[in-house]
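Chain lettering (A, B and C) follows the sequence in which the chains are written, and residue indices restart at 1 in each chain.
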Amino acid sequence: MDFLEFVNFYIVPGLVLGSIYALGAVGITLVFAILRYAHLAHGDMATLGAFVAFAAVTLAGVPLYAALPIAMVATALVAVGIDRLFYDYLRERPRIVTVMASLGVALMVRSVVQVIWGVDAETYTRGIVRPENWWGIRLKDREIATVLTMIGLVLCLQLFLMKTKWGKAMRAMSDNPNLALLSGVDNAKVVFVTWMIVGGLCAAAGFFLGLNTELKSMMGWQMLLPMFAAAILGGVGRIEGAVIGGLVVGVVEEVSVMFLPSEYKAATAFAILLVMLIVRPTGLLRGKVL
Amino acid sequence: MEWLGLLNYAVFMAIFICIYALLAIGLNIQWGFTGLFNAGIAGFFAVGAYTSAILTSPPEAGRVGGFDMPVPVGWAGAMVLAALVAWPIGKVCLRFRSDYLAIATIGIAEIIRLVIKSEDWLTGSARGITGIPRPFGDLPYIHSQLAYLALVAGVLLVVYLLVERQIRSPWGRMMRAIRDNELAARAMGKDVPSRRLEAFVFGAALMGLGGALFAHLNRAITPEAIDPMVATFLVWIMLILGGSGNNRGAILGVAVVWVIWSFSEILTDRFPPEVAVKAKYIRVFLIGLMLQVVLRFRPEGILPEPQRGAAAKEKR
Amino acid sequence: MTPLLEMRDVRGGYGDADILQDVSLNVAAGEIVAIVGPNGAGKSTAMKAIFGLLNIRGGSITIEGRDITGLKPNQIVQAGVCYVPQVDNIFREMTVHENLEMGAFLRSGDLSSAFERVYGLFPDLRERRRTLAGNLSGGQRQMVAMGRALMLDPKVLLLDEPTAGLSPRYMEQIFQICRDVRDAGVALLLVEQHAKQALAFCNRGYVLASGSNRHEGTGAELLADREVAEMFLGG
């Protein structure tokens, strides 16, 4: 196999999948660092976002890419609501109790999707999309859109965290929660802003997974492990780390098909997770270890 | 006739309650007494079920085994293999907060599911493994059911007594000390990761045993026999509702949740088919909601953990 | 003259147990006041009581005659008292400048005069304003911590063991910073392990033991007191 074929068959799909994982992993790393628990309903929130976009496209006839912001806002609001209803009152209890609650929420969100949209696979658009040839590299429009949107969203997030008052408050809360509270940061507001962002990112991850493959009620749950592997690989709390982690996990999963039966794609994410916990639990970019 | 049907059903439920009680006690050792979050209960359950199935079923072409071994060997093998799967996961993750264990156990359960689905030579993939011997399986149906119930109830009683004894021993006191104040326990020179690893592996072995009992009950095991998320979650809600840290509470929780779960299934099966499908998901939604309600309004469960040791003396 | 900050007969603790039995102290404008005492005397606890981090069950705390007993930390900050914890008192992964910005989180509008004041006090920090605070030396971190607290222009600054774990050279540097802060018009109340050095440098001191006042006076008076000397210097 020559190099171009390798790129076309493994690297391009890997980077597209990796961009989707990156969108999820950034959210996971934010929750892990600021709210300080592993959020197990993350994947199923992504599923919900994907199906909200699906509803916008099929029921309301919204153009495909216009459905993305709609889904992001809707999922952000759902995320805030879930926090208020199910996580907020557990704040004084050990954090692992919130992890447990999030497992319950994962199940609940998935059931809602299954009741409303059923369990059959759906797609946003019908018909076959032919890739265009860019100097030998074959790319579909939606693949380009996936990677560019991921980069754009992450840049906006970074700008928000570095330049705005509440972005800085989020970083302060991640860095030293007690001192942030002593400085007068309102924790409830930080939690609200965090869930708005995380919910939006979840929806984007789900939307692009649905766009590049298909929509299924289990799609998000199956992304949970790679997303966590990406967040830990990059270093918990590191946005750039989560992006790098996502891309690495995506590419490794695709390349693993050369050596492993394709059923075991998911196992490579698990292997990366365990290796990182053994070798370097702080991740590539020296993040937190909870 | 009606009475016989009811009796049959009651016995069938009781067998399931005993099997789930084993899982709940296993989880209680991990979560209730040690504070470890295992989100892959179904994985350890499946390892136990398939191990015992392979060891005890008659030979079959194109698949490893069966080895036609006696049933107790299968059960022991189920416990050992579940423990062996748990060991490396615990070894890696128990140095960190339990969040990492939660993720890793989700991962291992997923991989076990993939192996079961795709490794034809080992698990028979979609066909599964059939011809698993059932103790007292030659008796007439109701007698056989009753005998199997007696058997699983006996296993449960033995496990319960052993675990209770272990929890009252110095080991159990140390586990609670670690759970309640890890820093203090470390400062006293306790080897916290090793103790946790013991609890994690021990709990996983009991889940493996539960899987074996399930496989022998059905005489067969297939990938579709258990929905991993729902099974794992049911055990969690059973333990939390019953009272984590209290084995009797765990068993009570199993009975309550299993009765609710089964009766809601009977109810929804009477709905017209298109509604019945949705109703299945609504049941799952409600069980998730139930956890949230318990966590909010009665986090200690129906039977709270008894005060032991110093705290109990103070109260007296 | 009414003191700037006054604590009168305060009793309280973290849970149900009272760590402070009966503590009274005051700080006037332009003063550096030190709280010293043996381990477990309740020194840091007294300071946390002022900052609203304690359950107070008796007595009162006032700032310029206004009662602040039982207020929340962010309300106390707005009343003009800022607090520098002993450990974890900086945002390590934020730049020096951002640390100061977080100090002024409750303040809106133009911060440039506040920055000027702090950078004027700590010229070292101005040079390193783009450095991550976690990469600074121990003394510089303490400057960041104090600078962060000074951004709200407090009347009184509370310092919990500012020299803990620092070498003697840095200790002298921190004391000098304290004097500079005082000269800039901010009164200081600090808790110190290094009793002898602290008493030598403060204006007035309080000796606490077992959660109660034991001795008080100017630094020099306390250093000359035989009982105090025995307590700390072993005779």
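Worth pointing out:
FYI, a contact is a pair of C-beta atoms (placed from the backbone, for glycine too) under 8 Å apart; a residue touches a chain by one contact, two chains touch by 3 or more.
Keep in mind it's a predicted model, so treat the numbers as computed, not measured.
Separation of subunit A from subunit C in touch steps, taking the shortest path, is 1. The most distant chain from subunit C, with centres taken as the mean of CA atoms, is B. Chain centres here are Cα averages; for subunit A and subunit C they lie 44 Å apart. Between subunit A and subunit B, the centres computed from C-alpha atoms are 31 Å apart.
Chain centres here are Cα averages; for subunit B and subunit C they lie 55 Å apart. Taken in their complex, subunit C has these residues touching subunit A: 73-74, 77, 83, 85, 88-94, 98, 101-103, 105-106, 148.
For subunit B in complex with subunit A, the touching residues are 35, 37, 39, 89, 92-93, 95-100, 102-104, 106-108, 110-111, 114, 117-118, 229-230, 233, 236-237, 240, 277-278, 281-282, 284-285, 287-289, 291-292, 295-296, 299.
For subunit A in complex with subunit C, the touching residues are 165, 168-169, 171-172, 174-176, 178-185.
Listed in rising order, the residues of subunit A touching subunit B in the complex are 32, 37-38, 40, 85-86, 89-90, 93-97, 99-101, 103-108, 110-112, 114-115, 118, 221-222, 224-225, 228, 232, 261, 263-264, 266-267, 269-270, 273-274, 277-278, 281, 289-290.
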